[in-house]
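Right, one structure below, let's go through it.
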Amino acid sequence: MSLRADVTPAASARPNRVLPGFAPTLGLTLFYLSLLVILPLAALAVEAAGIGPVRALDLLLSPRVAAAFRVSFGIASLAALANGGIGLLVAWVLVRYDFPGRRLMDAIVDLPFALPTAVAGIALTSLYANTGWIGGPLAKAGVAIAFTPLGIFVALLFVGLPYVIRTVQPVIADLEPEAEDAALTLGASSWQTFRRVIAPPVLPAVLTGMALAFARGVGEYGSVIFIAGNLPGVSEIVPLLIVVHLEQFDYAGAAMLATAMLAASFAILLLINLLQAWNRKRHGG
Amino acid sequence: MGIELRGLTKRYNRTVAVDSVSLDVHQGELLALLGPSGSGKTTLLRLIAGLERAESGGLLIAGRDAAALPPRARGIGFVFQHYALFRHMTVADNIAFGLEVRPRQIRPPRAIIAKRVHELISLVQLDGFSERFPAQLSGGQRQRVALARALAVEPRVLLLDEPFGALDAKVRVELRHWLRGLHERLGLNTLFVTHDQEEALELADRVAILNAGRIEQLGPPREVYDRPASAFVMEFLGEVNRLPCRVTGGEAHIGAVGLRLVAPSFADGEALAYVRPHEIELLPLGTQGSLPARLRSLSIIGPRTRLHLEQGDTIIEADADRTAVDALGLVPGGGVGIRFQTARIFPRH
Amino acid sequence: MAADRALGGNHAARALLILAALGLLGLLLVLPLVLVFSEALARGIRAYGAALTAPDTLAAIRLTLIVAAIAVPVNTAFGVAAAWCIAKFDFAGKSVLTTVVDLPFSVSPVIAGMVFVLLFGAQGWFGPFLARHGIKIVFALPGLVLATLFVTVPFVARQLIPLMQHQGRDEEEAAIVLGARGWQTFWRVTLPNIRWGLLYGVLLCNARAMGEFGAVSVISGHILGATVTVPLQVEILYNDYDIVGAFAVASLLASLGLVTLAVKRVMEWRYGAQLAPSRSE
């Protein structure tokens, strides 16, 4: 019995690509994304535009809104900066040193990724409240964390740390040990070696991690909403302000705030990306 | 029958990968597509397989118009450069794949498939490996599985993309001989792509040398080596020395002394004479009709002696056997006369 | 791990750095987790059990499971389709498409929920139309599902795209040449190669779908027993000063998070190369 298959030729339309399924999967993907992602975001932009330039400026420059932006963006930046330092330290220790429990520690880094934000929110609040494990002793020393901007800072610290660590770890792991050896044989001190040989490739990664942490921090809701005081002008974050406008059925205002927030984050991230690209070009990648 | 290509053209954006190629592959022959990377040989192979679509041109496989057919309807078997074995299937499952995906009406019964797989495993000498996974096999073994898999569906044509490219030298040579034996046994039309001229010349019935999407020459190994149609072919197939010469009246002269070489149907003017290292005769310095040259150094490479000579401004590499060198009493710095047994004249670019 | 050469193997410095890192991680990350379970069990196991079996809580759990049961399969199917066309084909606008897939990641959860209120809320674009036909989206299950879908769009796709790109087209092309058709190729060749990456992506998608707070909060209306998911129930209990209750329910989510983490670790350990292309490749 012959095993050769005498198959009839394909239909007259020549296939465009060899692997099958391009048109259906692309079509499905575009359809789904248009409906679920693009359309709603476009609606947001349209709604925001509909507010008119006068009301928009009025809104954005109003004291409460300005304060909320200061709080959200300002504290997110500070937290990102702090996370830059802490993240670098932790990443360095995890990659370069071996010690009992290193693997466990490495797994723990992912905790903020895995923990739902509401859970983190209430846990952090209870921890740093005046009756909390950490908040208690600090309160006696006169320092309040929960329900103040400091609380927001701590929450964003929690949320953003893994971004820095996970971005920096592979870069440190890829460093050539020979380069450091060479520096030492050429007479550099430990600090000099760190500054001149290790820092240049690692710093851009730290910056990227910080940018990711910042982006996350600006829009964070669940982890922050419990521990922030939510006092307008003092500890109110932009996402909360958006919710407030929504509850008042001021859809246009809410949309305007949302768009402003997205635009500002996008601009800052773009700036950071450009800076890094410029830096890469200067140093030959 | 065999394969007929007529003016096949394929473009990628602005580069022409295959430039109006026409080729007749004779029934049952083993043909090599030889060329440097970027010459279009793999693209050509993929066009024949149906993995790429040509912009223009015709393609007949076993007498049937194949240009509009999808790969599975062309009756071809394809062996990929990196084997493309299904990593999660055993050797047996890999080989059986082509038979198992047949539509129900034409799918052979399970027992027949198993028998066929078993036969093929024996054919490629992998008995006992049927339950292994690709990751557990060496490069050469994977190659043979890929071949068996392609043969399982009884193709009319076998296409091999750099079949030995990823293997080390010794395995390559062994598999080369083995493939030739297999071809003689099966008698299948086989086309294989390679950049290794030694492989092409040793294996193929005919060799097609490709350059920038075109076939520069097509012919049996002996012919392309002895009578290269262009400088490119000559240079690609082996080492050459290039010596500037001047052509007058159908004769080429090198240097002031003038070594006469025949340059039929060549316009007068400046040209290049191409000589292979082993086509250089060594004579005592000053011999009539020889070019004077100076020996800079020599290297002993196994049985051969490679002489690095200087002739005027040109460096010449010559191969000679030791007795000739000793007979002339040649030492570095010494002079020698050289004569060319054959030379090909090609235009200067 | 290589010893730290630049610091010349200074043991004191090493120990200091390790302790500092451990301390910071412990303080920032571990303590809150410990607190969740500590507070949940503060009044003993029976109070814990009672909190978990309260009717509102059970309703919330049921609702969360339903939402996840819809959102995860849908986004898994989408993820596979998107990864197929992006990873196995070349076409203009591919990077734009990939960016759009990633978009929900960079949007604040509140905004994710808000856009659907904008579209389907009482004063939204389709509000009157929906009201006329008696369809409820906002403050009802469909809204929850939409918000969750939006937020979890990228998870499976992001996991599969680099993996499938890394695996290339060779095996699929080989299958095609051997005569396999579309679905056959996918089922027999592609799927086995991506199964661990797919599972991983589904796991992450599910964790996010069950734990989503911000987006769901905006679109939910907080109607007890009807549109309150588990994370929202945590909020409600906490705001009612039912600390044990809140943390008991929170401990469910925390456990889910820990299980996800653990499975992730195990899979990385055993199937590392098949989850994602490694950086050095």
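When the chains are written out, they are named A, B and C in that same order, and each has its own residue count from 1.
Here is the rule we go by: contacts are C-beta pairs under 8 Å (C-beta built on N, C-alpha and C of every residue); 3 or more make two chains touch, one makes a residue touch a chain.
Model, not experiment: these values are computed from the prediction.
Colleague: With contacts defined as at the top, give the pair, A-C or A-B, that has more of them.
Modeller: Between the two chain pairs, A-C has more contacting C-beta pairs.
Colleague: If I average the CA coordinates per chain, which chain comes out farthest from subunit A?
Modeller: B
Colleague: Where the CA atoms of subunit B average out and where those of subunit C average out, how many Å apart are those spots?
Modeller: Distance between chain centres, rounded to whole Å: 54 Å.
Colleague: Let me have the rounded angstrom distance from the C-alpha centre of subunit A over to the C-alpha centre of subunit C, please.
Modeller: 15
Colleague: Per the centroid of Cα atoms for each chain, what is the distance between subunit A and subunit B, given in Å?
Modeller: Taking the mean C-alpha position of each chain, the two centres sit 54 Å apart.
Colleague: At least two partner chains per residue is the criterion; list those residues in subunit C.
Modeller: 173, 176, 179, 181
Colleague: Listing for subunit A: what residues touch at least two other chains?
Modeller: Where subunit A meets two or more other chains at a single residue, that happens at 5, 7, 18.
Colleague: Subunit B: which residues touch two or more other chains?
Modeller: Subunit B, residues with two or more chain partners: 50-51, 70-72, 102, 152-153.
Colleague: Per the contact definition, I'd like the list of subunit C residues that touch subunit A in the complex.
Modeller: Of all residues in subunit C, those touching subunit A are 1-8, 10, 14, 17-18, 20-22, 24-25, 27-33, 35-36, 39, 78, 81-82, 84-86, 88-89, 91, 97, 100-101, 103-104, 106-111, 114-119, 121-125, 146, 149-150, 153, 169, 172-173, 176, 179, 181-182, 185-186, 207, 210-214, 217-218, 231-232, 234-235, 238, 243, 246-247, 250, 253-254, 256-258, 260-261, 264-265, 279-280.
Colleague: Which subunit A residues qualify as touching subunit C in the complex?
Modeller: It comes out as residues 5, 7, 17-22, 24-26, 28-30, 32-33, 36-41, 43-44, 47, 86, 89-90, 92-99, 101-102, 105, 107-112, 114-127, 133-134, 157-158, 161, 170, 173-174, 177, 180-181, 183-184, 190, 193-194, 197-198, 215, 218-222, 226, 239-240, 242-243, 246, 249, 251, 254-255, 258, 261-262, 265.
Colleague: Mind pulling up the subunit A residues that touch subunit B in the complex?
Modeller: So the residues of subunit A in touch with subunit B come to 1-5, 7-10, 12, 14-16, 18.
Colleague: Show which residues of subunit B lie in contact with subunit C when the two form their complex.
Modeller: 49-51, 70-72, 76-78, 80, 82, 84-89, 97-98, 101-102, 149-150, 152-153
Colleague: Residues of subunit C touching subunit B in their complex?
Modeller: Those in contact with subunit B are residues 170-171, 173-181, 184, 188-189, 192-193.
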